[in-house]
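Per-chain residue numbering starts at 1, and chain names A, B and C are given in the order in which the chains are listed.
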Amino acid sequence: MPVSKRKIIDTISHGWMLVSLTVVLLIPFMIGLGLVLKSLPILQQENLLRLLVDSDWHPMKGKFGFLPFILSSVYVTLLSFLIAAPICLLSAIYLTQYARGWLLQVMHPVIDVLAGIPSVIYGVWGILVIVPFVGNFIAPLFGTVSSGYSLLSGAIVLAVMSIPFILNLLIEVFNSMPVELKEASLSLGATHWETIKYILVREGFSGIVAAIGLGISKALGETIAVLMVVGNVVQIPKNVLQAGYPLPALIANNYGEMMSIPMYDSALMLAALILFVIVLIFNVFARLVIKHGGSRR
Amino acid sequence: MKRRKKIEEQFFKGLMAASTYIIMITLLYLIYVIFKQGFRALTWEIVSQVPKGGYYFGEEGGILNAIVGSFYIAFGATILALLIGLPVALFMNVFLTRHQSALNNIRFFLDVLWGVPSIIYGAFGFALMLFLGLRASLLAGIITVTLLIVPIMIRSMDEVLRMVPGGLLEASYALGSTRTEISFKVFCRQTLPGMITAILLAFGRGIGDTASVLFTAGYTDYIPESIMQPAATLPLAIFFQLSSPIPKVQERAYASALVLTLIILFISILARVLSSKYKEHVIK
Amino acid sequence: MTDSILRVQNLNVTHASTPILRNVNIEIPRNKVTVILGPSGCGKTTLLKCMNRLIELYNGLDISGSIYLDEKEILNSKNDLTSIRQKMGLLSQRPYPLPMSIYNNIAYGLKIQGGLNKSEIADKVSHYLKIVGLWDEVKDRLKSPASRLSIGQQQRLCLARGLAVNPEIILADEPTSALDPISSTKIEEQFLELKKEYTIIVVTHILRQARRLADHVIFMYLGEVIEQGTPEEVFDNPQSPTTRQYLKVGH
C-alpha cells in the first residue's frame, strides 16, 4: 500500500478515535445535564430540602415527598451490606489464606456465573424462594405476620447479587499483599490467624473499605430484582419485615403514569438525579480510596 | 493462652469455610430452582411463537417476540459499543502510553461510569427519546443499552490491551508501522481471546438488563420489522408474565426465565471456549 | 568446630522434580556470623526459609531431612511452630514494616508472646530501638506510621522488631541489597555488635560483604554446598574449582 494511503487511513482512524473518546467522556455530563433539565420544573416549584425530607407522596395532589423512598433505599442497602460483607470477607480470607488452591479455581467460575446472571432472574428466584421463606418462616419466628414482600427479602436478594462483585474485589485485595509481610509476622511467632487478624486485615483495610463501598453503590442502584420482592408500598418501614419502596423501584414502576400527572415526570427525573448523585459520590470515593490506599508503599 | 488462641482460630476457620460453602450452595440452589421451575413449563411453542391473541390470559403463543427483540437490541448495542469503545481502548493503549496521568484519569473515569446503575441510563434514555422525538422503539432501546455497555466494553478491552508487552509495541514501530496499523493488526490479533471475552461480556450484559429497556424499547407482541418499531425484550417478558394473576402465565414466566438463563450461561461458556481456542495465536 | 547451635542434616528440597536444595549438610556455630554465599538462584534463601519453617507457606515442595536446633529436631517436629519461629528472627531483602506505628511494630511480637505489662513493653521498645541506633531518630514520633520512615530506617526497625522477641538466631536474607551504602554500613555494624549475644546467619551474593562480616563461610552453588569453613580457608585457599571461579568473578 502506498505511503499516502496508509497515512490517510491513519488520520481517519485517529480522528475516529478522538471522536469516540469525546463521546464517551461526555456521557456522564449529558446524563447529568439531561436529568437536571428534566428535574427543573419540580425544583422550581418546591424547595429541594423539603422534597427530600417530606414523607407525603401523593402525586395526584401534587405532593412529592421523597423521604419514604430514600429511607427504603438506605435501609435495604444497609441491611444487604450487613448480610453480604461478613460473608464475603470471611470467604475471601478463607479462599486466599487457608483453602487449597483447587477451591479457589472452582470458586472463580462460580463467582463469574453468579455475576453474569441478570437482575430479573434473581428477582424470579427471590419470588420463588426468598419471599415465601420470609413470609412463612422468618415472620412467624418473630411473632409477626408478613406477606414476605419486605425489606428483608429485598436485602437478601441484594446481598446474593452483591456477593460475587464484592468477593472478587476482596480476593484481589488479599492476593495482592506481599507474602513477605506474612512471613515477617510469622517469624515473630504469630499464628496464621493472628497474622490475618492483626496484619493482613490492617494492610488491606483501604481495599476492604473500597470494595464494600463499591458493593454498596451497586446495591443502591439495583432495580428489578429488588422491585420484585420488596413490596412497593409507599411508607417508611418500621421494621425489616415490612414492605419498602426504594428509589430505583419508584422510577421503574411509575414511568407509565408519569406523563399523565403534572410534575410527575419531573419528580421521577429528580429521583433519578438524586440516585445518580449518590451513586457517583460513593463510586468516586471508593475508587479514590483504592487509588491512594495502595500508594502507601 | 495458647489453647484459647487455637480455639479462636478453629472457630473462625469454621465460620470462613461455612461462608464459602454458603456462597457455592446458593448459586447451585439458584440454578436448580430456575431450571426446575423453568423446565416444567418449557414447551417448544414458547420459544418458537409470538404471542397470539389472549396469550396473557393463558392462550396460545410464545415469547419469540421477546427473544428476537432482545437479540436485536443486544446485537445492535454491542456493535455500536464496539464502534465507539474499541477505538477508545486502542487509543488509550497505543497513543496515550506516554501520558500516564491522563491515562489514569480516563481509567478512573470509566470505572466510575461502570458503576452507574442501569435505571439511570434508562431514565436518561427516556429523556433523550422525548428530546429527539423518538417513540419507544428498537432504536431508542439500542441507544440506551449502548450507553450502558460502552464503559464495560472499554474497560474490559483496556485490561486486555494493557497486558501486551511493551516490547511488541517497540518492535512494530521499529518496523515502520503507523500507529493505526499497530493498533489493529498487532494489538487486536495478539489480544483476540481477551477481546472476544470483552465483547461477549458486554453482550451478555446488554441482553439481560431490564431497567435500561424498560422505558425505551417499549413492548409489543410482534417481532419488530423496522428500527423505529417497539421491541419486546426477555427481561420484560419475564416481568410482565410474572405479574399476571393467572398461574399458567406465571409458569410461562419461569420458562422464559430459564430461556434467558440458558442464553447467559451459553454466552459465558462460549466466551471461555473461544478465548482458550484463540490463545494459540498469542505470543507469550 | 566450636559449639554449633544449628545443624542441618541431609536436607533436600524439590519442586516438581526440580531439585532446589541437594543434600545440604552444614553446621552453624554459636555467637558467630555465618555467611551463606553464592550466586542468585543457588538456593540460599530456600535454605534460610527451611530453618524457620517459612518454607511451609509455599505449595508443591518436597522436603526431606532434618534440622537440629540445640540438638532438638525442628524441621519435622509437630511441636508448637510459633515457638520454633520465635527463636529465629528474620530480616528480609526489602524491609516490610508492619502496617502500624513504629512503637507497635516492635510491641507486636511482644504482645503476641504475652506476659508483659504495658511499662515492660515500653521499656523493651526503647531498649531495642536504642540497640539498632534508631532511638534518637524516632523517639518523638513513636506513634507515627512506620511506613513513613526511610528505607534504611525501616530495615533497622525490622531488625529491632526481630530482636525484641528474644531469638537465638538472626536470619538475614540479603539485608542490605535495597539500602544505600550508609544504611548498609549501619546494618553491618549492628551485626558485628550483635553476634556477642546472638547467632547471625547472613545470606548474600556480595563477596566484599561476606569478607567484612564472616566468621564462618558456606559457599553454595546450584542447590549444593560446595565448601564451608573459616574465611581464610574459603577465600584464600578454596578447595573447589567452582569456588575459585566464583571468587574470581564475584565482587
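To be clear about the criterion, a contact is a pair of C-beta atoms (placed from the backbone, for glycine too) under 8 Å apart; a residue touches a chain by one contact, two chains touch by 3 or more.
Bear in mind that the values here come from a model prediction, so they are computed numbers and not experimental data.
Chain centroids computed from C-alpha atoms place A closest to the centre of all protein C-alpha atoms shown. Centroid analysis (C-alpha atoms only) places C farthest from chain A.
The geometric centre of chain B is 52 Å away from that of chain C, both derived from CA atoms. With each centre defined as the average position of its C-alpha atoms, the distance from chain A to chain C rounds to 48 Å. Chain centres here are Cα means. That of chain A falls 17 Å from that of chain B.
Shared interface positions of chain A, i.e. residues touching 2 or more other chains, are given as 191, 194. Listing the residues of chain B that touch chain A in their complex gives 5, 8-9, 12-13, 15-20, 22-24, 26-27, 29-30, 33-34, 37, 83-85, 87-88, 90-91, 95, 106, 108-113, 115-124, 126-128, 131, 147, 150-151, 154, 178-181, 183-184, 201, 204, 207-211, 214-215, 235, 238-239, 242, 253-254, 257, 260-261, 264-265, 267-268. Listed in rising order, the residues of chain A touching chain C in the complex are 101, 178-191, 194, 198-199, 202-203, 205, 296-297.
Residues of chain C touching chain A in their complex: 49, 52, 54, 57, 59, 82-83, 85-86, 88-90, 92, 94, 96, 98-100, 108-109, 112-113, 147, 158, 161-162, 165, 171. Residues 6-7, 9-10, 13-14, 16-18, 20-21, 23-25, 27-28, 30-31, 34-35, 37-38, 86-88, 90-91, 93-95, 98-99, 103, 106-107, 110, 112-114, 116-125, 127-129, 160, 163, 167, 191-194, 214, 217-218, 220-224, 228, 248, 251-252, 255, 268-269, 272, 275-276, 279-280, 282-284, 287, 291 of chain A touch chain B in their complex.
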